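Think of it as A, B, C and D in the order they're written, each chain with its own count starting at 1.
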Amino acid sequence: MYKTHKEWERPLYELEDGIAKLKEIAKKEKDPQKREQQMAKIAEYETRRNRYVEVMYSNLGAWEKVLVARAERRPYTLDYIQAVFHHFIELQGDRNGFVDHAIVGGPAMLDNRPVMVVGHQKGRTIQERQLRNFGYARPEGYRKAIRLFEMAERFRMPVITLIDTPGADAGVEAEARGISEAIAASIFKMFELTVPSISVIIGEGGSGGAIGIAASNRVLMLEHSIYSVIAPEGCASILWRQAERAPDAAKALKLTAQSALEFELIDEIIPEPTGGSDKDWPATFGHVKSAIVKHIGLLDKFSPEEVYEDRYARFRKMGIFEDLLND
Amino acid sequence: MYKTHKEWERPLYELEDGIAKLKEIAKKEKDPQKREQQMAKIAEYETRRNRYVEVMYSNLGAWEKVLVARAERRPYTLDYIQAVFHHFIELQGDRNGFVDHAIVGGPAMLDNRPVMVVGHQKGRTIQERQLRNFGYARPEGYRKAIRLFEMAERFRMPVITLIDTPGADAGVEAEARGISEAIAASIFKMFELTVPSISVIIGEGGSGGAIGIAASNRVLMLEHSIYSVIAPEGCASILWRQAERAPDAAKALKLTAQSALEFELIDEIIPEPTGGSDKDWPATFGHVKSAIVKHIGLLDKFSPEEVYEDRYARFRKMGIFEDLLND
Amino acid sequence: MSNKAETKSEGFLQCANCKKILFSVDFEQNLRVCPNCGHHHRLSATQRIDITFDPGSFVELDRDLRSVNPLEFPEYADKLAAAMERQEANDSMTSGTATLGGIAVTTAVADFHFMGGSMGSLNGEKITRTLERARESNCPAIVFCASGGARMQEGLLSLMQMAKTTAAAQRCSKAGVPFLAVFTDPTMAGVLASYASIADVILSEPRALVGFAGLRVSKQAGVGKVPDDFQTAEFAFNHGMIDRIVPRKEMRTTLITLIKSLGGGKPSGA
Amino acid sequence: MSNKAETKSEGFLQCANCKKILFSVDFEQNLRVCPNCGHHHRLSATQRIDITFDPGSFVELDRDLRSVNPLEFPEYADKLAAAMERQEANDSMTSGTATLGGIAVTTAVADFHFMGGSMGSLNGEKITRTLERARESNCPAIVFCASGGARMQEGLLSLMQMAKTTAAAQRCSKAGVPFLAVFTDPTMAGVLASYASIADVILSEPRALVGFAGLRVSKQAGVGKVPDDFQTAEFAFNHGMIDRIVPRKEMRTTLITLIKSLGGGKPSGA
């Protein structure tokens, strides 16, 4: 059986726990000589930790990318919203009878510019995970997103979406309320927009649940995020009836940011700090903010009609096939 | 206690039953002389019936209007759709998880003209009444209507709505799915339209449930239909804590077509055959069709922008109050 | 249950919700929110205006309009006269312009104490004018709702206010002018089923009564059991009908932030 | 359960649903609907075209396009080659133009027998072209769906077809060109969650499988119990997702009536 993201990071976390404990001890130590020895040891451990991180992240395979993208210490959508934007006011409700907490959104300021931010939200505590349905958005999440997209269009606010979901909710209730229709209608609405839209895949870009709010003029991916038509576990279990071959499926699916850029399905890779976005949140926020500001600046040069046409042109060219007559 | 619409019409129905029985007997009678006597008696009863109808309907009070408007033999929306239009295809679903059968709708042809028809539908059999929720539309009914209005706008089809509801569903489930929002959103959508819209109150125009699909360029009422801000029973029980004073409330509320026209809240009264629309369906259909065709013809002269502005102007002037400075 | 905080004796009153005896001064300083149980007691239009808009910025309009009794509805004229005298206002709705965080807005503020905040011709007219002014001046519209529903004494004229006000809101929407609604206790029936529910953003005070029909009617109509929080702002929020429940003391800043971001994306108007 | 009507011997076959042995001739004359139980057996694209459009009116387009293996996904090239040979088609989707009741339409017709009707680059391209042709020629687009979902062997390229096809449908909508979708057994996942669900009108054959995720996945994900008709067209209809369930023998006339009324209100195009 393959490693989970928790197992994969365990050696690192153990090292870090050790360092933290040593620091506690050193703090209390009164003998200067002993203290110096302890400090040296800490330095050694930290070097080892840094080296470990460097090696571990220097050449991540597809499956390791999956593990990193799912890491629970990575910043989530609301963390980005707090850091990259200000004056965010979360708006809620699908106006149809339901609420969803796996997609959050509302107006916010990007520097002095009002924007509409929408994103998938995972939870960290057990309670929050349940509230957020582990990031699996329900139909009402997409219908709320549609409402916010409409508001953005009405008030000429650029749309920023942050993508981080294992996929949409596939349960009986979600089906009964039309999860498919909700995703489709959200994509449809995004293509209607004449205000610029930018999507950033910050963690997991999980199939229909991800594209449901990622049909933007520009789609950017964090260096270690993933974007996939199907979860590798699901792919492996359908193709080979062996969910444990997920790492093979991850490789075959070419779900990394690097592959997505190669196939020209995304516009830019946003670099992560050494060891991933979870190792240095502020640096990550800085990179993400710069990328968003840059692309909004570029899209600002377009007329509303050009924004609309640009988005279609972007997706229209996606797909690889042969034309026997014209190739 | 006041009479219900069933009780009010019972003498008439008894007369008609008597006539029908006499006709049966006369049909089997072989003695020409006896037969002639029976025929004479039938003629006498029919004269009495016609006279009764004439008297009964010649000067209906407000409460009698309520009873007539609720009569179960009156044609309902689907009866009109079958007779006035052709090639109707009922479309269903709110695309949000629910269906409603108290509002029906879909494209149809009015002579050679495609139109979108939407209306409240009551049921006649016990099963159909339950299916149709006794004409109390649920949120999903208004959301389906919205979808059909959007389709009409997209394909430049005039909208015809037929109004016949005691009111919207006020139950716990309807509240949970936002019956208020659904009605408001449907009114909102009707004001967005740049295609002509015509509403015909064919029976009961019951408060919010009625106006939810009656925000049209032209609103017509059948001669004996009613249109009210609140059911007279509800009004009486709120004002006087006596539901049995409903006839007084009906009078105070001025809920007849004649009052509505007087206050300039509707555009035209469509005449009913003597004794009401239930006494002669084909004649009623003919009058309704003529009125719709006439008003579509008039609205056809407007540009889309004019259609939109005309509808606002129509409702904008509604309301009676004093202006101490300008009056 | 009466929702009113009743004066018990000079300087004291009793919270209708938790029954605690409160210092009037504390109660008023806390914006008429019970310091003990957090219950948001109803405000008059004047009180609402005072705690919401920039001091002294509110200018009342539509003061010379008067309701009439077009249907000659029994007892209506007397009720109206009494309400006008008692509330020193021409209607449950007070309309005008103001500034909020320095931003010009148009506004209408409901007062439940005036005939249950019911929407008749004049009420609908004031809301419509408020939304028309917003559209014409390209200023956000902010409407505080408090209403039992339509004013049945004006019959079909009242029902038509649902269409008229919603139409005015549609025109704001089309013009890209923000319309914010704030639900306060109670926001019901014909008001909830028209302009109030299709605002761009809907905020509500906690525990406000929010619903389509009277509770009795809903119970009769439905077969399902009635949830404990049925027809509260919290119920409406949990069913996707409200954007945020905002405590009274945070309402002003929330509104300011919202009108800044929603109004700031388009070329500035007035 | 296999959905296929299996040939038992010369001139006979067995209905997979009711197990009854049927005359092949009766079965074919009944448009492959079981005369005994009414089960709608799957059709090939060719069969569908034959029973739907005006005789001889269908013109296939996009025949010179071929799927490739851009990800070098294991075994994909072989599966593709086998499917192309067996089905004598370049993809599960067959696209072109036709007339229906004398009205010019553009169309794409899915065949589940070709790799489960999955949507890869070529499939998405054909749908997109069909919708673009509809928009350009102002002719209604009619798409018959039959798909297990996205073609995972083309990875993210397949996921992007959801966006591409939906975008093409949005442009039809904006131009006021009708787009009708017909769900046939099965219409699932990435196809259901994109262009199929936002057609102007959605019809479905009876008892077609219609759903977002495999039943196993849904059961795992949900806590509620699974209704008997879960993920059938009837379930989708009863949850507001489908306009009408139309028996196969009425489909042609229903489509003709619809395109006449939906296309007839605007100035005529091609």
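One rule holds in what follows: a contact is a pair of C-beta atoms (placed from the backbone, for glycine too) under 8 Å apart; a residue touches a chain by one contact, two chains touch by 3 or more.
Since the structure is predicted, the reported quantities are computational estimates derived from the model, not experimental observations.
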Farthest chain (mean CA position) relative to chain B: A
Chain pair showing more contacts of the two, B-C and A-C: B-C
For chain A paired with chain D, centre-to-centre distance based on mean C-alpha positions, whole Å: 33
Distance between the centres, which are taken as Cα means, of chain C and chain A, whole angstrom: 40
Centre distance in Å when chain C and chain D are each reduced to the mean of their C-alpha atoms: 51
Chain D residues counted as touching two or more neighbouring chains: 173, 197, 239-241
Chain A residues counted as touching two or more neighbouring chains: 95-97, 176-178, 181, 185
Contact graph of the chains (line, ring, star, complete, other): other
Inter-chain touch pairs (all): A-B, A-C, A-D, B-C, B-D
Residue numbers on chain D that touch chain A, as the complex places them: 64-68, 70-71, 73-74, 120-122, 124-125, 128, 150, 152, 154-164, 166-171, 173-174, 189-190, 192-198, 211-213, 217-219, 221-227, 230-231, 235, 239-241
Parts of chain A lying in touch with chain D, wherever the complex brings them together: 136, 168-181, 183-185, 187-188, 191-192, 207-208, 210-212, 214-215, 227-230, 234-235, 238-239, 252-255, 259-260, 263, 265, 311-312, 315-316, 318-326
Chain B to chain A touching residues, read off their complex: 95-97, 139, 143, 176-178, 181, 185
Residues of chain D that touch chain B when the two form their complex: 173, 176, 178, 197, 200-202, 237-244, 254, 257-258, 260-266
Contacting residues of chain B [partner chain D, same complex]: 87, 89-99, 107-109, 113-114, 140, 144, 151-152, 154-158, 195
